[in-house]
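Following: one structure in C-alpha cells, then a few remarks.
Each chain carries a letter (A, B, C, D, E, F, G and H) given by its place in the written order, and its residues are counted from 1.
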Amino acid sequence: MKKILKDYKAGKVDLAEVLDKIKLLPYEDLGFAKIDTHRALRKGFPETLFCQGKTTSQILTILESMAKRDHSILATKANKKIFTAVKKIYPEAEYNELAKTIVIKKEKLKPKKGRILVITAGTSDIPVAEEAIVTAELMGNTVEKAYDVGVAGVHRLFDIKDKIFEANVIIVIAGMEGALASIVGGLTASPVIAVPTSIGYGASFKGIAPLLTMMNTCAEGVVVVNIDNGFGAGYFASLINR
Amino acid sequence: MKKILKDYKAGKVDLAEVLDKIKLLPYEDLGFAKIDTHRALRKGFPETLFCQGKTTSQILTILESMAKRDHSILATKANKKIFTAVKKIYPEAEYNELAKTIVIKKEKLKPKKGRILVITAGTSDIPVAEEAIVTAELMGNTVEKAYDVGVAGVHRLFDIKDKIFEANVIIVIAGMEGALASIVGGLTASPVIAVPTSIGYGASFKGIAPLLTMMNTCAEGVVVVNIDNGFGAGYFASLINR
Amino acid sequence: MKKILKDYKAGKVDLAEVLDKIKLLPYEDLGFAKIDTHRALRKGFPETLFCQGKTTSQILTILESMAKRDHSILATKANKKIFTAVKKIYPEAEYNELAKTIVIKKEKLKPKKGRILVITAGTSDIPVAEEAIVTAELMGNTVEKAYDVGVAGVHRLFDIKDKIFEANVIIVIAGMEGALASIVGGLTASPVIAVPTSIGYGASFKGIAPLLTMMNTCAEGVVVVNIDNGFGAGYFASLINR
Amino acid sequence: MKKILKDYKAGKVDLAEVLDKIKLLPYEDLGFAKIDTHRALRKGFPETLFCQGKTTSQILTILESMAKRDHSILATKANKKIFTAVKKIYPEAEYNELAKTIVIKKEKLKPKKGRILVITAGTSDIPVAEEAIVTAELMGNTVEKAYDVGVAGVHRLFDIKDKIFEANVIIVIAGMEGALASIVGGLTASPVIAVPTSIGYGASFKGIAPLLTMMNTCAEGVVVVNIDNGFGAGYFASLINR
Amino acid sequence: MKKILKDYKAGKVDLAEVLDKIKLLPYEDLGFAKIDTHRALRKGFPETLFCQGKTTSQILTILESMAKRDHSILATKANKKIFTAVKKIYPEAEYNELAKTIVIKKEKLKPKKGRILVITAGTSDIPVAEEAIVTAELMGNTVEKAYDVGVAGVHRLFDIKDKIFEANVIIVIAGMEGALASIVGGLTASPVIAVPTSIGYGASFKGIAPLLTMMNTCAEGVVVVNIDNGFGAGYFASLINR
Amino acid sequence: MKKILKDYKAGKVDLAEVLDKIKLLPYEDLGFAKIDTHRALRKGFPETLFCQGKTTSQILTILESMAKRDHSILATKANKKIFTAVKKIYPEAEYNELAKTIVIKKEKLKPKKGRILVITAGTSDIPVAEEAIVTAELMGNTVEKAYDVGVAGVHRLFDIKDKIFEANVIIVIAGMEGALASIVGGLTASPVIAVPTSIGYGASFKGIAPLLTMMNTCAEGVVVVNIDNGFGAGYFASLINR
Amino acid sequence: MKKILKDYKAGKVDLAEVLDKIKLLPYEDLGFAKIDTHRALRKGFPETLFCQGKTTSQILTILESMAKRDHSILATKANKKIFTAVKKIYPEAEYNELAKTIVIKKEKLKPKKGRILVITAGTSDIPVAEEAIVTAELMGNTVEKAYDVGVAGVHRLFDIKDKIFEANVIIVIAGMEGALASIVGGLTASPVIAVPTSIGYGASFKGIAPLLTMMNTCAEGVVVVNIDNGFGAGYFASLINR
Amino acid sequence: MKKILKDYKAGKVDLAEVLDKIKLLPYEDLGFAKIDTHRALRKGFPETLFCQGKTTSQILTILESMAKRDHSILATKANKKIFTAVKKIYPEAEYNELAKTIVIKKEKLKPKKGRILVITAGTSDIPVAEEAIVTAELMGNTVEKAYDVGVAGVHRLFDIKDKIFEANVIIVIAGMEGALASIVGGLTASPVIAVPTSIGYGASFKGIAPLLTMMNTCAEGVVVVNIDNGFGAGYFASLINR
C-alpha cells in the first residue's frame, strides 16, 4: 500500500485507483473498539492506543489485534499495572515510567535527517516531554532534549542556543505561565510546537494559563496542541521534520 | 546575511561568528515601536505590522522605517481608513478588503513546490482565510482554497478530496463547532493547522467553542493557532511547506 | 389511569376530569424522598432512582416503595456496593457494570417499531452509551449500537451507514471534541440526540468542550442533553421513537 | 428522489442504489458558498440561509441559486436592510420583523397532524419564539403559542394546561433563569425542546445561566439547543412531530 | 450588654456610651484564632466554628475558649473524627451526621412566633438542609421541612402549599438546575432564601448552575447565599423571622 | 382580598377558601404579555414592568392594562425615550433619571416603622442604589442613604455608624471588589442585602468579581441578589422591614 | 500633619496621639461622593479621581472640593470631553491624551533618588504605560521608559539591559501573552510590578490571558495589579521607590 | 561577586565588566534540572526548590548540588516524606509542618531594619502565612504575625493597628472573599502584598474569588501574587523591605 501511495505521489496511478484500494482496506471491529489495520499506511504510523478510560482487558484485546501486523505499537497514558499485564504477553514491550508509554517495536524506520529539540521549562514538565520523545523517536526521528530551561533564567536558554539554531523542529513544553514558547519562537526560524502542561498550582488552573499564553504568543511560527499532549506534539513534529 | 546563515547551516562558519553578526544588526527605534531591520533575515520575512491598537500616524511612521529596506511588507487587521492613508504615500500598496490586509510587494520570492490548501467551514470564515492566503502567498507559496465545506454536508468535503490528498499543508478555518479540522485531519497524512474563528452566536462564545474543539481533536497531525489568527496559520504553513 | 388519559386523548372525557383524578393520585412520602406512584401513568415510565448522593439505606427504602407497584424500576449511577445490597432483597435485579444501572423488570412493554441507534466516538464513552441503551430497552425500544466510530476515521462511519439510514432516532455520545454529532447529523434525516461525556484530559474540561461543540453544531436536527446523561438521551429517544 | 428514499424505507430498492444516486446529486458551488441542491430531498427541507456574517451581495447570490429549485426558502438572522434588497428581486418574500426571518414560499407541504406548542417565559423571548414558529410552520406544522408564561406566576402556566396536554411537541424558550423548561417538562409526557436566550442582564451572562439550568433539568424528556437558536428548535420539533 | 443595646434602641443611652462599652469588650486571642467573647451580644449568637481547614487540636482549643461563656456553640462542617474528640471533653455535645454539625447547648432561647420552612429539591440536598435547620433551631426558631419536592413534579409542591402559605420565612435548597426557588418565590409573599448545592454531575459544575439560576430568578423576594451554605441560610432566616 | 388574606392569617377563614378565591382572580392576557391583576394582593405590590427587551408600544399596552387598577406602578430599566412616551399618556408619571425608573403613584401605603439604609461603595454605584430606593419608598419604607463610603477609607464608614446601628435593614451596593458588604455585615446585627454592580474595569468582569466576593462573605447575615438588581434588593428589604 | 506622622515615625509622639488627630480630620461629604481631605497626609498623595462611571458635573464638584487644598490632583480614565470642561475652570490642568489623565499640579515634591523603569511589550500597551508614568512622576519619581520591547525579539530586551540593571523598580506592561514580566523578572534583582492589558484579540479574552501568565510567573520578585491599572502600578512603584 | 555588584551600584566598575562576569558564572546541569550557582548573587538568595511535581530522588540530587555552596536553601511545598529523606542526609534541615518548608541554614544575613507584618483573615490561611514567614525570615527580615483577623470583626483589626502602623511592608493572606487586603490597604501608607488562598468552599472556586477581589481592590498600594503563593509574597516583601 505504501507503494501505491508513492506511485500516486509520483503520478503513476490516479486518485480513483488509490481511493478504491483504501476503501477496501479492512479494519478490525472488536465491538468496543475498531482497529484501523491500514492506518499505518495512510498516516505512516499505527494507531496509537490511548489507555486512559479503557479497561486492562480492553487494552489487551486491542493489542492482540494490532500485534498481528508488522508495525510498531505505542500505548500512551499507561500506568504500571497495565504495563505488567502487557509485559506478560509481549515480553519485548518497553515501558517509559516517566512518559507512561508502552512501546512494542516491530519495524525499524529509516532515521530522518533533521533533528527535533524538546525543551521543558521545568523539571515537572518532563513526563510530557518524554511522551513526545518516545513518539518522535518511534517515528524515526533523532531527538535532543534540554530540561528545566525556565524563562526567569534567560542565561540557561542561551546556553542551549546551539541546539536551538541547529534544530529543524522545536517542541516547547511548559506549565504555569507558559512563556518559554514565545521566547524560543523569537530566537529560531524553525517551527515551534508548544505544549501547555497541567502541572502547577493556584491560577494555572490545570493548564488553562499556559494554554492561553501560548495561544496569544506574539512570536511567529508557534502553534499549540492540547494540554499535556506530548504525543500530539511528537507526532506533529515528526510530520514536519524532513 | 542570508548568505551567512546558509553558510552556517552548511557548516562553513561557526555559530559564534553568526551570533556576533546578528548582535550587531540594528533595529530602528521609533520610540513607540522598534523595527527589526534584520528580521527578514532571521525569520525569512519582514516584521508584520499588526495595525489594531495603533494610530494611523504610528502606522505610517512604522511603514516609513520598513520601506527603507528591500523586503515586502504585510500589514494586518488594517481598516479601510488606514489603507487610504497608506495608499497616498505608497501607491503600490494593495488592499484585500475581506482580509483587511495591506501588502507592499518588494522582493519576489521563488515559489515553493508544495501546495497549501485553505478550507473554511462556512462563508463567514472567509475573512480569516483570506488573511492566511495573503500571508502564505507573500511568502512564496502556491495556495488553493475551498470555502463553505461545512461538516454537516460530508459530500461537499469528498468533492475536494483531490485537493486534500495533493496538498502539502492544510489550513482549516472554522467557527461555531470547529469540527472540520478533525475530519480533514483524519483524511490526510499532511499536517493540518486549525484556526478557530470568533464568528457565530450563542454558545460559541467568540471562538472559545471551536478553540476547545480543535484543541481536543482526536485526529493526529492537527495543531491550533489563536482565534481569528489567519496570519499565524499562513505563516506557519509557509514555514513547514517545502 | 392509562385508560383515562387515552380516553382524554380520544376526547371521551374532558380535561377537568383528568386533572381531578391526577390530583387525587397519591405519591408516597418517605420523609427524605417522595415517590410518584402515578408517574408511570403520566410519563409512561416509573420514576428512575438516581443513586448518586443517596445513602444505601435511602435507596433501599425508596425501592421498597417503588416495588409495591407493577412497573419496572431503573436505578442509575449505582455502584457495585449498592447493587450487592439491592440484590439481597430483589434477587431478580440485574446489574450492568459498565452502565452502573440496576434494573428490576416487572412489566414487559410491547416493542416499538422504529430502531434507536447508539453511536460512540471512542471506547471510553461506552459506559454512557450503555446507560442510554439500558434505559431505552427497558422502555420497549430495539437498540443497535456502534462503538468507537471516531471522527478522524471517516471510513469507520461509512461502514455503519446502513445502520444510520435505517435508524429512527440516533444517539451520539462523544467526549473530547464531540464532533461526531455534527457529522452524523449531516448524514441522516432522523433526529439526533447528542451526549457530551466527561471522559478525556487537558482542554476537554470534564465535558465542557464536547458540550460546546454539540451546542454549536451546524447540522440541523441535533439536540443536546447534559454531560454523561445517558439516561436522559435514552429516555428522550424513546419518547420520540415510534 | 423523495420517491427513492421512500422506496428504500419500504425496502423496494437497496441502500447501494440510494447512495449512488445521492452521490450523483450536484450542489452548486458559488465559490464563497456551496448550495446543496438535493438537501431538500435528503432532509425534507431546503438549506436555510443563515445571514449573519454574510454580505448582502453574497446573500443575493445564494438566493439566486436556491430560487432555481422548487423548495421554499428560509433566511434567518436577516436584518431589515437585507430584506429590502431581497424584496426587490423576490417580491413574494415575506419578512417577520420580530423573528428577523425572510420566507420565500414555493411548495405547500401537507400539514402534519400533531400540534407544536411554543411557550416563552417572558415578553423579550418572543423574537426567538417567532423564529421557531416561522420555521416549524414552513415545514408543515400547526403551531400554537403562549407568551410571557413566567415561572414565578405558576397560575399563568396552569391556564395553558389544555394547550400543554394537547401538544405533541413543546418548545420552551426562556432567558435569565430558564426554569420554565423543567416545570413544563414535569407536566407533560410529550417531548420538550428547551431554548436558552441571551436576553437579560447581570448574572445571566448572555444565556449561559439558562443554558446551564436547562442542561441540568431534573425533568425527563427535555433536550436543549443553542442559545437563541429558535430555528434549530423549530426544525427539530418538526422532525419529531407526527 | 444585651441590656445596654436595648437601652440604646429605646433611646435611654446614647451611641457613644454603647460604642465605648463595645470597644472595651475583650476577645480571646489564641494565636491561631481570635474568639469574639462579646459576639453573642452583638449578633445574638456565639461565633460559629467552621471546622474545615482547622486541625482537631485547633478546634479543641477554640471550643475550650468558647465554653467558658454561657452561650450555645455550633461547629459546622465537622467530620465524625472531630466529633469523637469533642465528645470526650464535652459529653453533652450532639452530632447531626447528615448536617455534620456539633452542637453544645447552653442557654435556651425563647422560641420565636414565626415558622421557618426548609424545602429541598432532591434527597441529596438534605445535608445542606439539615445544617440550616440545626442553625435555625439553635437560634430559637420553629422549623418545618419538606424534602424532595422537585420541580418536575409540581403536584408535590402543591401538597405542601399549606406549609408554604403559613411559613414566615422559606429556605429553598436545590442543586443541578435550582429552579425550585423561583417557583416557591412565585407562590408566596414571604421572603425566600435560596441555597445552591454542589451535589450533581455534568454541567452543574459543582453548584455554578443552580447559583446562576437562583441569581437570575424572575420571582421577587428571593435572595441567595453561597453554594452549600446551609448555616448562612439558617442564620439569615432567623434574623428576619419574627 | 387583602382582607381575606389577613383573615386567613388571623385564622378566621381556612386555606381552601383563600385558594379558591385566588384561583378565580383573573390576569389580563395581552398576547405578548400577561398582567397579574391580583398580584398586588398576593404579593403586596403591583407587577413591576421590566422595560429592557420590550418595545415602547408593548410597554404602553402593558401600562394601559395596569392603570385600570388602583395600585402604584413601577417601571424599571426605562430609558428617557420610554419615559417621554409614557409621560404623554400619564402626566403624573415621575422619572428618576439615575435609577431609570418610572413611577405612577396611586395608593399611599402606611409607612413602616423600621428604616432601610442604602450604602454604596462608590459614586458610580449610585444608579443601582437609586433603583433600590425608589422601589423601597414606593412600598412604604423610610429609606436613608450613604454614598461613596468605600472600603479603603474605613473612617468614612465609621462616620455613618449611627445610621448603621439604627437601620432595620441595610442594602450594600458595590462593584469591583465588593468588600463593603462583609464589613457592614460585621458591624451590624441587622440583615444585610448585598448587590454587586457591573460598573468597573479589568478583572471585575462586569460584576462577577463583586458577586463572588459577596457570595463568599465571612460575615453572617448577608445575602446576595443579582448583579445591578437594585429593584430586587429594595423589594426584599421591604419584605423583611417591619 | 505630615509633621506629626514623621514625629511618630521618629518616636517623638505616641500612636494614640496620632490616631486621635487623624480621627478628627474631616472629609468633605458631597452627597454623591466623599472627599478625603486628609488623605494626602495619610497616604502621601491626594485622592485620585477615577472618572469612569461619573458624570461631568459630579467630576467638577469633586474637583472643586479637592482644589481647596494644596495638593496636586490626578484624574484618571478621563475622556477629552471631561478635560474640556475641566480646562475651562482650571486653565492650569494638563491632559495626557494617551493616558487619559488630567493633572492639576500644586505642590512640587522633592524627587526621589531611585529610578522607575516602565517597559511595554507592544505599541498598543502605551496608554496604560503613560497612566503609570503620569502617576509616578506626579509623586516625585524619575521615570524612564522603553516601549515595544516584545518578547519574541529578545535582542530588543538586551539593548535596554542598562536601564534594567539601573532601575530601582520596574513596571512591565503587556497584553496578549504577558510573558515579558517573567523575563524581566529573571534579569533583575529589583522588584517588578506587572500590569496585564486588555488590548488584543482572540484568546486574550480582554486581559485574562496576560493576567494569568503574570500570576503564574516563575520569576521571583514579580507582583501583579489589575488589568489596565497603570495608575495602581505607578502608585505602588512610587511607594517602594526610595 | 556580591562585591562586584555593589561596586557597580557605587559606580566603581562599569556594566560591561559586570555582565561579562555574570555570563561566565556557571550553573550546574543535572539533566532533569539546572541549578543556578550564581543565583544567590544575582538575586540575593539561592534558588528555591519547589518540590511539587518532583520525585524525592530528583529533590535529593538538586539539594546535593545546592549544598556545595554557602547559601541557605529553602524547599517549598515539601511533604513529610520528602523531609524524612532530606533529614537523613542533612541533619541540620528544619521542617515547618504547617508551611511545608524545609530550610537548611548556611549563611546568616544581617537583619533588615524594617518590619514585615503578616496578617491572615482566618485560621485556615495560616499554612500560606507560614510559608511567607519562613521565606522572609530566611532572607534576613523581622516578621510579625496576626492570625484570624477577619473582616467581619473590624474590632479585631483595630487591635492590631499598632502593628499595622509600624510595619514597613504588610502581607495580607485571605481566602473566600479576600476583602481584608482592601481594608488593611486603606489603613496603612505602607505597601501591601495580597495573597489569595484556595481554602474555602462553594463559590470561592479554589481561590478565584479572593484573587478577583484583591485584583479589584479600591485601596491604593495593594499588589497581588498567585493563589497560595506564600513564598512569592515573602520574597517580594523582603525585596522592598529596607
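What we mean here is this: a residue touches a chain if its C-beta (ideal position, glycine included) is under 8 Å from a C-beta of that chain, and two chains touch if they have at least 3 such contacts.
These numbers were taken from a predicted model, which means no experiment stands behind them.
Undergrad: What is the set of chains touching both chain A and chain H?
TA: Chains that touch both chain A and chain H, as defined above, are G.
Undergrad: What chains, if any, are shared contacts of chain D and chain H?
TA: E, F
Undergrad: Identify the chain pair with more contacting C-beta pairs: G-H or A-G.
TA: Between G-H and A-G, the larger count of C-beta pairs in contact belongs to A-G.
Undergrad: By mean C-alpha position, what chain is farthest away from chain H?
TA: Checked the centroid distances; the maximum from chain H is D.
Undergrad: Please pick, from G-H, C-D or A-H, the pair whose interface repeats that of C-E, with more than half of the contact pairs identical by residue number.
TA: Repeated interface of C-E: A-H.
Undergrad: In whole angstrom, how far does the Cα centroid of chain B sit from the Cα centroid of chain C?
TA: Going by mean C-alpha positions, chain B sits 47 Å from chain C.
Undergrad: In whole angstrom, what separates the CA-based centres of chain B and chain H?
TA: Computed value for the inter-centroid distance: 43 Å.
Undergrad: I'd like to verify one number: the distance from the centre of chain C to the centre of chain G, where each centre is the average of its C-alpha atoms, in whole angstrom.
TA: 58
Undergrad: Give, as an integer number of Å, the spacing between the C-alpha centres of chain B and chain A.
TA: Those two chain centres are 25 Å apart.
Undergrad: Residues of chain A touching 2+ other chains?
TA: Where chain A meets two or more other chains at a single residue, that happens at 122, 150, 153, 200, 202-203, 208, 211, 215-217, 220, 226-227.
Undergrad: Go ahead and list every pair of chains that touch.
TA: Per the contact definition above, the touching pairs are A-B, A-C, A-G, A-H, B-C, B-D, B-G, C-D, C-E, D-E, D-F, E-F, E-H, F-G, F-H, G-H.
Undergrad: If you look only at chain G, which of its residues touch chain F in the complex?
TA: Residues 22-23, 27, 31-34, 36, 39, 52-54, 58, 77, 198, 207-208, 211, 226-229.
Undergrad: Which residues of chain B touch chain C in the complex?
TA: For chain B paired with chain C, touching residues are 121-122, 150-154, 176-179, 182-183, 185-187, 200, 202-205, 208-210, 212-220.
Undergrad: Give the list of chain G residues in touch with chain H in this complex.
TA: 8, 15, 18-19, 42-45, 48, 161-162, 165, 189-191, 193, 211, 215-217, 220-227, 232, 235-236, 239-240, 242
Undergrad: Using the touch definition up top, name the residues of chain G that touch chain B in the complex.
TA: 122-124, 126, 147-150, 153, 155-156, 199-203
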